[in-house]
Amino acid sequence: MVAFYSPFAIRYSPMQIIGQDLVCERGGRTVFHDVSFMVNRHELLQLTGPNGSGKSSLLRMIAGLNDPAAGTLNLDGGHADLTIGQQAHLIAHQEAVKLALTVAENLAFWAGFLGGGDVGNALAALDLTRLAHYPAGLLSAGQKRRLSLARLVLVPRLLWLLDEPTVGLDTASQQRLAGMMTEHLAKGGMIIAATHVALGLEPARRLDLGPRA
Amino acid sequence: MQTLANPARFVGLANAVLPFVWVATIILFAIGLYGAIVTSPPDYQQGETVRIMFVHVPAAWLALMVYTVMALASAVAIVFRHPLADVAAKTAAPIGATFTFLALATGSLWGKPMWGAWWVWDARLTSMFVLFLLYIGYMAVWQAIDEPHRAALVARIVALVGFVNIPIVKFSVTWWNSLHQPASVFRIDGPTIAPSMLWPLLVMGLAYTLLFLALHLVSIRAEVTARKIRQMRLAEIGER
Amino acid sequence: MSLILALIRRDLTLAFRQGGGVGTALGFFLTVVVLLPIGLGPDQALLQRLAPGALWIALLLAVLLSADRIFQQDYEDGSLDIMAMGPMPLELVALAKAIAHWLASSLPLAVAAPLLGFLINLDPAAILPLALAMGLGSVALSLLASIGAAVTVGLRRGGLLVSLLILPLYVPVLIFGVSASTAPGAGPDIATPSLLILSAMALASLVLSPLAAAAALRSYLK
Amino acid sequence: MSLILALIRRDLTLAFRQGGGVGTALGFFLTVVVLLPIGLGPDQALLQRLAPGALWIALLLAVLLSADRIFQQDYEDGSLDIMAMGPMPLELVALAKAIAHWLASSLPLAVAAPLLGFLINLDPAAILPLALAMGLGSVALSLLASIGAAVTVGLRRGGLLVSLLILPLYVPVLIFGVSASTAPGAGPDIATPSLLILSAMALASLVLSPLAAAAALRSYLK
Amino acid sequence: MVAFYSPFAIRYSPMQIIGQDLVCERGGRTVFHDVSFMVNRHELLQLTGPNGSGKSSLLRMIAGLNDPAAGTLNLDGGHADLTIGQQAHLIAHQEAVKLALTVAENLAFWAGFLGGGDVGNALAALDLTRLAHYPAGLLSAGQKRRLSLARLVLVPRLLWLLDEPTVGLDTASQQRLAGMMTEHLAKGGMIIAATHVALGLEPARRLDLGPRA
């Protein structure tokens, strides 16, 4: 079963994600073109750019949900049998939270589906333990966002694709997220994060998607 | 009013009254059944099957009455915002649905010898069936909305809108020509039924009513307790 | 008044732009009409007798199917919050949205039904009474559906609950609708009283539905 | 395999927690069964003849009504994106969700239908064949519905479009379902071949539906 | 018709919104209690507090969408015939944007419904003119947020209730929003804004909803 692999198994081997000359088309319109980037292990790539410049589109493209209109995307040194998406977490604007399930049930499902993980641990990491048996439909905006972020801790994956991850988080949670990211990088993970605000840790690389307003 | 307004007081009151209600219910059932089975004569047309009447008719009355109670309680809840009124409406529904089912089932049993079919789609039967559906729908609303507060607001509307059906059930036999018996007890010009059958029927009606009262009190009490528990659990989660 | 019109106009635009509105409603209707002879058997005379009833049932189901979302989207995207704050009483909002639903979904069906009738051997003499009865009945159907839609707006899978709550209210409409749709001379002349009762039901729901729907909506916005 | 089970378990939990699942589906079914005699007239013999067909049509519509959201919610809240990335092929996701739909919505209906049959004078001898045919047929219905649900998942008002797309696929199920539901001896013995054909359809849709549904879903995620 | 009133007509008369001892209950649980605040004309009240402390709930309460379980809310000196909600704009997490309508159509509808307003002007204020005839369903997260904010400019209202208004906005738009807010205050308007990040202008008053996490 492909689900049970350890993303950090080959700990010291180098890995990189390389995007070359990527072109994104959405609804028949070119959103960006000739975007190239590279991320190594231990590195955070921070995506910036005005609204509509294609940050979310690029993250989805890396996750394998959109096909690039041109250009190539490769994970060198990664798990050969898996797509990039299968080695990545995507935290998008939509939170993938089931309102009718409790907080714990939401995570338990993803743990089962994504191949095992410690729910209690993930809840604690985002200070949701107290809300574990609360229906997710009753959560506030920031609490729901935290539930979505808990997936990062739940199942270890090599690459984190974060689309404006700090949105709605209170100060304490922003710091907690920054801590999680630092730790992930330290373990040898990679992060690509789109954001309009500071993330609380210094990115190793930056990519600005240009001048569109 | 103020006494009843306090759910805790209400539970106390219910505890005090309930034993008497139960005893009265049992006595009335005993008398009513005695009259129904022993003293009342078999019908000259229907023979012994007429005895189904003593189960069927009171059940049908109660089916209508309980929905009326529900609608009234809902109206009270809207006007006076009395928390117990919603509980009363909510807990009446399953009991009313049971009576409705009983009326449907016994009527259907009775229909086979009388009309030669378990079921016909005439106005009385159809509207009664619709009443059953309304009970189910009303209960489904409570079940579908997690928050009791919100569920109450919605359920009130459903109960009141559905009340339109009650006069339709009641007068369906008058408005449309129907296979079903027209009203013979509660009519403007007095009952048209033999006294030897009438009194057991009325006693049974009373017994059913008391049975409803007893069951209703019990389930209101249970609901009040359940809410208290829920409140405590939520407060526990809210404790931060 | 201009606010009501603005709302109706918007809802009509949305109905026509999303998922085809009228087109898909008609399609569904057509398909039900096709299924009936398959399910019930191809006997011509029988079909002719059943035609008005079958058309009415199809109309009812189609309205119901399209109705469960009268308020859903506006509730989910927050528009309803703003409408509840705004200058127009929520009762009028509910009324306007029910009218828009009638114009976009029920009325086209009521117009099309008599024409589709030929597929299931509708008696030509019954076309006019059927059109009249459906025109009137569909008003009541849309308005009653708006109650059901409002009552279930906060529920994710309200689609079926709405049927359960509203179909009982539809039963009288169906009864009188069918009896008003018989060809003249086909039975005792009950068409006219039935038509009157249908009108009464349409009027009553015109008054009561917005009240009930607005009350239900308010309880969800709380 | 455990992933499939996790998904099925979740979908069942959601179905039971939201809007009552089985309960409301049954309610709708019940109500359609009520409407039919009102619309078509209370003639006993006629109803008995029409009963299996009417029950089948009601089953079809109930499945259809509950089906349009098999993927909708997961699409809207982003869960489907994550599933598409995840370790399980989208085909299996589609299959698991169709199975969950069958368990939560179609199967209970197929079990209840013969029991409700007495309301519209179903011939008691027809109960067993009907139950068998519906049990088999409902598999095909749920799976086919999942295609329709996937094809319309990105559209806001897919509810009617899905009917339009899927009802044609339902027509063969209806035809053979009805003919498999006749009481033994009521006609030439076509029940057994019809049952075989129904099984074949269930199997075929078991293989083809997940492929079609996954392809449709992928095109929306793009 | 109540819709056509000028919120700034009685320009120099004093006005205040006063909330006293407010208690908020949601789902049978007390979210906050004994919250009191006051906002005068020309003033911005900044609401802060951790996730779940009730910021969004308080804004909805002021808008008249939730009833307070206890306490009073008054607009002294405001339009006597109108509720607070009718004199306020609420920009909430849900954006009240119709995806099937174009950007301009969305605003045109609100202009009609809320009582008249200049669509072109509102589009320009949020730099959406270029996207006017674009279906709102194709907008990026930040663009959609801007469309929602355009309502503020479209129809003048005395009180702005803003729930994390900067979420998703790029830097230029954040500045534009700060400019709009400054202008609104200068004209005599009032603003109550919930936020976890800096808004780009100094609040006259602050209300912290306490220690809940």
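Labels A, B, C, D and E are assigned to the chains in the order they are written; within every chain, residues are numbered from 1.
Here is the rule we use: a residue touches a chain if its C-beta (ideal position, glycine included) is under 8 Å from a C-beta of that chain, and two chains touch if they have at least 3 such contacts.
These numbers were taken from a predicted model, which means no experiment stands behind them.
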Most distant chain from chain C, judged by the mean position of its C-alpha atoms: A
Most distant chain from chain B by Cα centroid: A
Distance from chain D to chain B - Cα centre to Cα centre, in angstrom: 35
Distance from the mean Cα position of chain E to that of chain D, given in whole angstrom: 46
Separation of mean Cα positions, chain B and chain A [Å, integer]: 57
For chain B, residues that touch 2 or more chains besides their own: 126, 130, 133, 136-137, 140, 144, 146, 149, 237, 240
For chain E, residues contacting two or more additional chains: 27, 93, 100, 213
For chain C, residues contacting two or more additional chains: 18, 73, 152, 155-156, 158, 161, 164, 167-168, 171, 175, 222
List of chain B residues in touch with chain D within their complex: 117-122, 126, 129-130, 133, 136-137, 140, 143-144
Contact footprint of chain C on chain D as seen in their complex: 15, 18-21, 24-25, 27-28, 31-32, 34-36, 38-41, 46, 49-50, 53-54, 56-57, 60-62, 65-66, 68-69, 73, 152, 155-161, 163-164, 167-168, 170-171, 174-175, 178
For the chain D and chain B complex, residues of the former touching the latter: 18-20, 23-24, 27, 30-31, 34, 37-38, 42, 44, 47, 118-121
Chain C to chain E touching residues, read off their complex: 2-3, 6-7, 10, 13-14, 17-18, 73, 76-79, 81-88, 221-222
Chain E residues within the chain A interface of the complex: 26-27, 49-52, 56, 93, 127, 130, 138-143, 146, 164, 167-174, 196-197, 213
